[in-house]
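What follows is chain A paired twice: with chain B in the first complex and chain C in the second.
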Partner chain A sequence: MVHHKGHGRGWGRLIGLLPAVSLLTVLFLGALGFSVAQSLGYAPQYGVMSFPTNIYYVSLFKDPGFWQSLGLTFYYAITPTLIGLMISIGLSLLLAHKFPGKGAALFIYKIPMVVPYLVGVALVLILFANGGIFARILFALDIIDRPSDFPRLLQTAEGWGIMLVYLWKQVPFMTVVLYAHLLVLSREPEESALLLGANRVQILWHVTLPRLIPAIVSSSLIVFAFNFGAFEVPYILGAGYPNTLTVEAWRLFDDPDYTNRPKAMAIVTLVSVISGLCLLVYLSLYRAYERKRGRV
Partner chain B sequence: MKLKNLLASAAIMAVSVYATASSAADEAAAKFREDFLSGQLSWSDVEARAKTEGEVNWFHWGGSEKLNAWIERNVVPALAAKGITLKTTRIAGTRDAVDLVLADKQSGKGVGEGSVDAIWLNGDNFYTLVQQDALFGSFADKVPNAENFFFDPADPASQLNLSDFGTPTEAREMPWSGEQYTCYIDTNRLSKSEAPRDFEGLEAWVKENPGRFTYVKPPHYIGNTFVQTALYAFGGGYEPFQKSITEFTPEEFAKLVEPGFNYLRRIEPYLLGGEKAIYPQNQAANQALYNNGEVDMACEFGLYFVSNQIESGAFSETTETLAFPESGMIKNKNFLAIPSNAPNPAAAIVFANVMAEVDLQISKLKEIGYPLGVDMAKLSEDDQARAVAAAPKHHGVTDAELAALAVADTNASLVKVIETIWGDYIERKVEMPFLQIVKGAMEKAAK
Partner chain C sequence: MRRLSLTGKLLLSFILLMIVGPFIPLGISSVAFRWGWPDLLPSIWWWEKRDQVYTPLAWDYILDPVSRIIPAMGNTLLIAGAVTLISLALAIPAARVLGRQAFKGKSVMELFFASPLIVPEIATGIGIYLIFTQTGLQGTLIAIILSHLVPVLPYLIRVLTGIYSEMDESLLDQATLLGAGPLQRFIHVEFPLILPGVMAAALFAILISTNIFLLTFYMGQGQVETLATILFSKLSGGGSLDPVSAGLTLIVALPGILFLMFTHRLIREEVFAGGTSRG
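So, the complex of A and B:
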């Protein structure tokens, strides 16, 4: 890192950062601060004034439904991250080779990235609902007796619909990151491994993947954090109960009894804390790995 | 979307906490409120002040183009004749207006200073405003058109006006429209003769046709009402459910509702989705299931719902309303409420009075199929005949059948307990004796 000397430069940089930093401070830290305060019983606007209290957290921890929701939240976050990562690694390696139609492929795979999640939700509903296009096609082909006999994929706790939307949207994202990383890496280590007699699997496992690790870590980290805190996809495509923590928080927040809102804020705070902890653990494991390899 | 609401509410909350609560109340408006509520003002005083205020801000659900057009054609000119400009805010969810009122209130805005003059609402949203002490006061029985309503607590006919999903209205909101909980079937898929007529019939039918029925998930009010209807059927009718929860011991209440909840548990494996029953989140999702042919029967509020849906093409021509269940169909009204921080309180009162006018009520029934909010028996014979002639036609039932089966809504203090019990006993299947679940729900409600 090159450090620029001179106060003028430093102050200039600070002032340059000010708009972004102040926006983040007010919107992000401000909202977080209010959630934490409310979750501890500071909500005079709803007639709750028991600050500081831990009853909202304690009642959550005592509720088996909370733990079930926490488990589901992890499940919906981790499964598509891992599956998506495997697909993306394969896809990016494929794209790194020359093949006919590569130009078109490079364009097409990125399309879901610019389409909002809600459009993905709508697509999944149109295609996979028990009255959706696939159900109707199977019905027309006499494979099922009526459209509603189509296997139920949406609005169940298994979360097929949720994970499908995540994959559809996130595989292109992870592929972009991995593919860009592959492009800037030189091919020399792979070529020398080949010359030294390594086969393709060995090259992938011992040369390419370890060199891709930084990109794998950063992209999967972003995807996991998003999935963990996502709301609208599980809200629309998930089961009524049980569902993710964010949906539980919304249910409490939307209750006509506003004194439930501090409990909703306790959930929201826990979501932030837990996903923050996960990132911390993940990153420190990554650091340990890099140290072991002597790269740090 | 909901997320946007969430963010908006969070932002409003943030602002409201910052705002200083130094209430420099509009003194003239405060005096008007006091004088009007204590009956010291003549109606012409109110109308004169309304004219100087000059506008009224009405927040209403704007999801129906027919309704919006009807308002433009009929309500706007009626108010213009009184020297008042109607400013409507069309909202997707009534909760948005309630949140705005509460945010204004939190930032210290009193009568004459807020941003909402009137809200079309009922049930939960009214309950929230009552809980937060954010209503203008008992105005509905003090306007000239109050004569179109029963407001005497001693008269059982007043029940629909004095109780909003069981919350006592105390005339803090003006009845505007009425509804009845009805179920509908597609006679192409389920013939009228095979359709269930009561809950025993429903059980027999779903056992033969598993997966062909479900109901909206409580605590959504559409789902709550289905549960209440079932509890009525197995708990001796609607009368026991008019009492407040404080009049019950947990043992008594458990005894009253257990047969109904056992019924709901019994039919669950035969609902849509089978072992993992699927309860749609709201009436739109339920209608989609019905239109997709996933269920053959569905229930929601709407006396003329089926005729309106058929007319707009949203339902098949073969859809019919069902007189289900014979044990009683819950009926209630929806209202116009004035918040405690209405910026134009006199104009809001004049507005509520205009909306209760017989001509406007009949036009609403005739043109958009919204049932009368005024009470038939209070109208002149002429008006009654006009109202009967104006009503849209029913499909599969008669007015007399529907009227004969109509029963009162549940006391609101019970609704909270019932929805908690449903959550524990049906949805989460908490492994506790039923009495224990009821005790927990009652304790939670008493907090």
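So, the complex of A and C:
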């Protein structure tokens, strides 16, 4: 080995890492620091100078609207993650077979993954708005007479539109992760199970799925964390009120009365903290599961 | 690998139809002349009126300076180009250290570089905006470019660290033994080795940057428009989709589809799995 030059390497390391670290320290840690400081009452530019105070957090916790928004944020984040996961497991297993046109299929299913969420929003609007394609199909089938007869799916708190966009965008992403994992797994355990007389459902449930767990955990984690902090989809397709915490934060931040901004920052800080805590809990559950499996 | 049964084929076709099917009405809408309720297809297509208008109405408006869409496209590409170059310049030296050396505090460093990928964009976005209002940079291209580095740079560091850790170190040692200096060694041995990875990383960087909406929206403050912010303001009106929004959506989807065409054969499924959920 040629390069073991103690001090020289230390300097090289510093020079290599320093630019990236300093940029992210200012723009990422600095930004988070600013948000947290403002949520604790440090905002001299708006004449708010009560640092440190917890009044913004306390007023949030006392507001039933906050808890309602929190519930909706969880609901919009978890539902499509779970449904999407089931579809993605099915899709990745289908893709792992041999079939004509496989190259095209592997191209097509990735399209939603590489376009912005706003494209998904536009597609949901053209299909599911009250004058949209599905309403017209129902009219052609003589089921409805007017656009207003079509059930309202968009801009309501039920969040159908929001969750449809998430599903459309994220099934391909989860499928990519699961399919890549399937590709590197050997087929031997499945084949032994088959020889031992297991049927296809048993093989899927007892052999294939447990081996996919790491991919299932990592992909659903990323998707959940994204959905929890997403803004533009619930902003356009959700109800004016109640809506997710991120939309609520935006409404307060955009208020002409700047003294509302610390409250917006408190919401944004809570969104980060709650989403981080969920990831931790989920990961520790996964570790516990792996340990249990290791012991069996 | 087993063959797919008929049910499997039907199921797969159905899922693929759900994925690309919605683009069909979008394309139709962008070339319709008149498509009112309750028609399933346009009552008047653009080409039936081509003696009056040369291009479909929606596309005519999109290409017209009034819509400001062409300059927005320019901004989008300029931002993506700058973000890609700057983040590569910062990510390569960092990944070189992380991928090839073991040192104390390395896992802390890796956690630090991964954290911007976990914290919601709205939290970092508002904070970055506050930093830029302090320095008077808000509403400029520079502010947008710097803000895009926050999600792009950690991602590139991750991809390039993987490439450096798989690199064959003995080739570098041989170059040194043969008398190459550090610069020569980098240009003639190391760079050619990482080039395919750098190309893939650059394509990902362009894709992530062109797809970012929220950070651009905050930092631009309505003074710098990109394709994403124009599409947002068109869509946030609510209601059904007008033909111009339909055409604009197709334009916004284009970089991603071009990206897939470029990388489909080059990039292995596993690299995609590394994750552009932020797309």
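For the reader, a short list of remarks on this structure follows.
By our rule, the second predicted complex is superposed on the first by the 269 of 296 C-alpha atoms of A that agree within 3 Å, B and C clash if a C-alpha of one lies under 4 Å from a C-alpha of the other, contacts with A are read in each partner's own complex, and residues count from 1 in each chain.
Please note the rule applied: contacts are C-beta pairs under 8 Å (C-beta built on N, C-alpha and C of every residue); 3 or more make two chains touch, one makes a residue touch a chain.
Please read all numbers here as calculations on a predicted model, not as lab measurements.
By the document's definition of touching, of the two partners only chain C reaches A:Pro112; chain B does not.
By the document's definition of touching, both partners, chain B and chain C, reach A:Phe253. Once the two complexes are overlaid on the shared chain, A:Phe228 sits against chain C while remaining clear of chain B. In the superposition on chain A, A:Lys62 contacts neither chain B nor chain C. After overlaying the two complexes on the shared chain, residue contacts for A:Lys292 are found with neither chain B nor chain C.
Judged by the touch definition given at the top, the superposed model places A:Gln155 against both chain B and chain C. In the superposition on chain A, A:Ala140 makes contact with chain C only, not with chain B. When the two complexes are superposed, the chain touching more residues of chain A, out of chain B and chain C, is C.
By the touch criterion defined above, A:Lys98 lies against chain C but remains apart from chain B after alignment on the C-alpha atoms of chain A. Residues 30-31, 34, 45, 118, 129-131, 147, 155, 231-232, 235, 250, 253 of chain A are contacted both by chain B in one complex and by chain C in the other. Per the touch definition, chain A reaches chain B in the complex via residues 30-31, 34, 44-47, 64-65, 118, 129-131, 146-148, 152, 155-157, 231-232, 235, 239-241, 250, 253-259.
Contact residues of chain C toward chain A in the complex are 1-4, 8-9, 11-12, 15-16, 18-20, 22-23, 25-26, 29, 37-40, 89-91, 93-94, 96-98, 101, 103, 109, 112-113, 115-116, 118-128, 130-131, 133, 146-147, 149-150, 153-154, 157, 173, 176-177, 207, 210-211, 213-214, 228, 231-232, 235-236, 238-241, 245-246, 249, 252-253, 256-257, 259-260, 264, 268-270, 272-273, 275-279.
Residues 1-3, 9, 12-13, 15-17, 19-21, 23-24, 26-28, 30-35, 38, 45, 87, 90-91, 94-99, 105-119, 121-127, 129-133, 135-137, 139-140, 147, 154-155, 168-173, 176-177, 179-181, 183-184, 215, 222-223, 225-226, 228-232, 235-236, 246, 249-250, 253, 264-265, 268-269, 271-272, 275-276, 279 of chain A are the ones that touch chain C when the two sit in their complex. Interface residues of chain B, counted against chain A in their complex, comprise 1-3, 6, 9-10, 13-14, 16-17, 95, 102-103, 106, 123-125, 127-128, 131-132, 211, 217, 219, 273, 276, 278-281, 288-289, 291-294, 416, 427-428, 447.
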